Amino acid sequence: MDRSISAKHVITQNATLVAAVAIIIAAGIAFDNFFTVVNLSNIFRQASMIGIMAIGSSFVILTGGIDLSAGSLFGFAAVMCGIVDAFCPNPFVMGLIAILTCAGFGALNGFCVTKLRIPPFIVTLAMMSGVQGLGLIITEGGNTLPITAEGFTNIATGTIGSVINDKGLEVGVVPVPAIIMIVGFVIAVIVSKYTTFGRNCYAVGGNEDAAIMKGISVNRTKFLAYLMSGICCGIAGIIVAARTRGGQITVGDGYEMDVIASVVLGGTLLSGGQGKVLNSMWGALIITMIGNIINLNSDVISYLWEGTITGILLLVILVAQSKMQSNKLGAR
Amino acid sequence: MENDVNASLLQIQELSNKALKRSEFAKKYGALIVFAILIIFNLIVTPGFVDSSTVWNLIIHTTTTLVVAMGMTFVIATAGIDISVGSTMALTAVVTATLLPMLGMAVSIMIGLALGAGIGLLIGTLTVKFKIQPMVLTLALMIALRSIARMVSNAKTVNIADEGFIGLSVNYIGGTVPVQLIYVVVIAIVFYIIATRTVFGKSVEAIGNNPSAARLSGIKADKNTIMVYVLLGILSALAGCLAIARTMNCNPSSVGSGMEMDAIAAVVIGGTSMMGGKPRILGTVIGCFIITLITTTVNMNGIPSEWSMVFKAAIIILAVYIQSEKKIKVRQSKIKPIASKEV
Amino acid sequence: MSEEKRVLLEMRDICKSFIGVNALKGVDLVVREGEVHALEGENGAGKSVLIKILTGIYQKDAGTIRFDGKEVNFTSPAQAQEAGIRPIYQELTICPMLSVAENMFMGNEIKKRGLIDWRATYKRAEEILQSVNLNIDVRQPMGQLSAAMQQMVAIAMAVSLDAKLIIMDEATSSLDDKEVQSLLNIVKELQKKNIAIIFITHRMNEIYEVCERCTVLKDGEFIGCYDLDKLPKLELISKMVGRDASTIVNFKKQYNSDIESNEVICEFKNVAQGLRLKNIEFELKKGEVLGFAGLLGSGRTETGEVLFGIRKYTGSITVKGKEVHYANAGQAMKDNIVLCPEERKRDAIFPDMSIEDNITIPIMNKISRLGFIDRKKQAELVDKYIQMLKIKTPNKEQLIKFLSGGNQQKCIIARAMCCDPEIIILDEPTRGIDVGAKYEIEMLIQDIAKSGISVIMISSILEELERDCDRVVIMREGIVVGELLHEDITEENIIHTISEAHTN
């Protein structure tokens, strides 16, 4: 095999990682307040929620579907934490019930897509509005439910390892949510690469007819993907509840778009069947870093630039992807 | 023997044709039925529903969605989608609002519409030439355009003082009938004619219905697809103007927010397939009214307004399920078994 | 008879219909153990529907299937594969983005402790491929392999999976001669292992080289099952394309030798297209019906597509005296060339649009003012053609999908007619329509030619060509192998020309 081709292959396969590293290096050189332990660990803490949801969405998108309900489910999980906290302030029970609830919504998505044969876009669009409505009803118009459970906030604010900063204060290095995200991605990579379900997602999204003929249960694969997306939203929701010490439904407004953008930035095709789950993590980091850099340097760049930069970056990647696709087809 | 086979073949065909006609009926009248049920429900349950002000409010609150949904119907009919409409509304509206004191009403509206057309042109060209999926493409634009809209006014709300401009949305004809009634009627008629009586409308339908046959019939798919997005861009800009005229100010963060979802839902409830095909304009009009009517019903019955979101979700799923192409299955039991041949 | 092998598969009276079309009308298929069984018929004969029923993709409407001694009714491909039926389709079964090894083991992964063991997978994949002398990188994406290679990989995989019955659906159509030979060798090997094979191909030589018996279908009907030892090639071809017993059409064209001296309206010189067409040359005269005969895969459809500008080619095409290079259908239509495609449902019908719109769609620009369609003109045109072509419909607003196949086809011909064409290309104009309508359409073709329009008629039904054409060009595997004029156009002569070309 040709070496130069494989080297190029490695770069194109990991373009998102390369981009993320490039942004880190460039930002580190350009802004001296970027490359600090506190800031980097903040970035990871923020990215973890989008990242965790992107895990589930990656699988859904690999099967050729889409999940627009991620943001609402995320907010609803936080609300569930708040509700359970009121009568059983136990972090474990709160988390479990939040995850189960979101798993239920995910399963409902999956049911509508597979059994009722409604386009995923419509199903999850309706679910987005429906779940948000439920959340607003429960919280009587979007109030924040306070969370008092002991130890619950550690899920979001806890850290592992510490360093002494220049002011002589001890600061944590690796935030717990980042660990959850990384563990999540490790599991996701294993699932996507080493399990039948993972490979079936690629097969179903790559060529549904082929998958059917190979005897793969398309409906089961899709259902599991939506279920998984629901569970991931649940986990991310717990983190946001812990972070804000409260359950608020509107906390997830617009998050679904960040999640989808992360997956797309990671190079996963929205038509399904191609992409690497791990790259969604780099996508989530890039999106978070853009916001972070702008926040840190609000005297230089207006915070208003954030969406513009993200949007244009997305556009550039899409055009590049389409070029790559057409080159590939031309070669055949 | 031969006759048996033929008889059962005929039977099978009849059954499948019946199933086809049923699904055709559901697509044509599904939205209307749901709408009728909602109306009847309101007539029985909702206090004070039978009042002209209910109708006027319904129309006022439907107008912006309707304008966008008309364009969205054509986009979806080509099997495309555009989720950047809300952001397009915001950007064009904020530009129009900013220019209003300087250039006057006509010119600033024209500039807004031209900007909307330009955005549509960009989306259309990128989808056609680079074969980027419209869903992701417009996702990127949705994020970018909203952000640009906020930059235009530095994230501040722009107040609107131009009496003429405000009049676009708050005038009443004869003191009682809102001017929006005219918009709704005119727009519905114009777009119904475009969909059913023009070369453009028929070409769009053909492209969505069978792209391969459209190509072999010499229809210019690329040109028409771009046109569809341009049209939606212009309509989004128009909707933006109507929205800010009503609120008398323009907040770039909130104008058109969530519009993409309402418009798409209205189109789909109206029976236009997301796989492309017939643009069902009247269906979309009813779809828009269904969405507003749900909110009205909830509000007038004193139910917390959040319930309308839940009902909306349920009705979208229900309406699309009724119309979905079900696998036409001919039940074995309905067909006489054929006696097996002697071997 | 004593050494007759056990029956492995027995399909009886299989019926299947799709909306508006009866695809199978009581078809039988009996395959014995270790037998290579050819399944033959032209496009639309029902071969692939039958195979899809056998492999659980479609459900039969009626009939019985017995496999390996048990009555079965597969409701999913998985069940059929479980039972030992391994189909190899031409294109459908690959995910181009995934690696060769993944495609091979899709739905059947090698696992260790619950996880996929990639090392073992790659190793096993290499072994399997090497067993059929294929040396390729199993990690590369499937889409990067040539079609031939993909085919070989699929066959190697099926072989490795203890299949009892392997179905090869046009497995050789994209292979070159050497590859075909190695594939046929594999088939012979399989036969020795007592694996039964259903072999679908359009190449006669292959059938006679490896197959023992042959089942022939035509128009969804069962024609017969024959021992190939006792069935000469000539007879097999005539069974596939020959006289339709149910057709009682009885007319013969009145030849007009003046047409021979008419001006040449279109000329092909040295036209070639990839593997499909080689050095095609012919002339088309004004007002003549020029037939294209040949078996499936002979290049008859491709010739029409080249002229209509929807297939790239090399060589020169002259229309009305000037050389043309159409890049799309629109340009060809500007020169008054129209095509009624072979796959009516896929390429011609707008199922959810009215008859009226379906007929006038290509000329909407001509009958409109400022973009608004002139409804009166449209209605006049449509009424004219509904009457002229005797289209049976309650009204012109009816959606075309509710019409019968014959009436749909008439609408498509009406669509072509309203473009005021000078050349009409009709690809399989009578496919999938009933006897009465066939007759009407054939008469229509005569009327069209009489009005001075040149017709290119591509058909797999030889008796039709015999009845309708002034001249017939006979093709075989992308080459023109003969031309017949007037009285010489007979079914026998055409079959003779084709099979002679095969022997050479």
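Chains here go by letter, A, B and C, matching the order in which they are written, and residues are numbered from 1 within each.
Note that in this section a residue touches a chain if its C-beta (ideal position, glycine included) is under 8 Å from a C-beta of that chain, and two chains touch if they have at least 3 such contacts.
To keep track of the chains, here are their UniProt names: A, B = ABC transporter permease; C = Sugar ABC transporter ATP-binding protein.
None of these values were measured; they are calculated from a predicted model.
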By mean Cα position, the chain sitting nearest the middle: B
Longest centre-to-centre distance from chain A, chain (CA-based): C
Geometric centre distance via CA averages, chain C-chain A, whole Å: 47
Distance from chain C to chain B - Cα centre to Cα centre, in angstrom: 40
Geometric centre distance via CA averages, chain B-chain A, whole Å: 30
List of chain C residues in touch with chain B within their complex: 12-13, 15, 17-20, 22, 25-26, 28, 61-64, 308, 310, 328-330, 333, 339, 341, 346-353, 357, 361-362, 364-365, 368, 371-373, 375, 399, 401-402, 415
Complex contact set, residues of chain A against chain C: 1, 190, 193-196, 199-200, 202-203, 206-207, 209-217, 273-274, 328, 332
Chain B contact footprint on chain A (complex, rising order): 66, 112, 116-119, 121-123, 125-134, 136-137, 140-141, 257, 260-261, 264, 270-271, 302, 304-308, 310-312, 314-315, 318-319, 321-323, 325-326
Of chain B, residues touching chain C in the complex: 5-6, 8-9, 12-13, 16-17, 20-21, 24, 193, 197-200, 202-203, 205-206, 209-210, 212-220, 277-278, 328, 330, 332, 335, 337-338, 340-341, 343
Sites on chain B touched by chain A in the complex: 81, 126, 130-133, 135-137, 139-148, 150-151, 154-155, 261, 264-265, 268, 274, 304, 306-314, 316-317, 320-321, 324-327
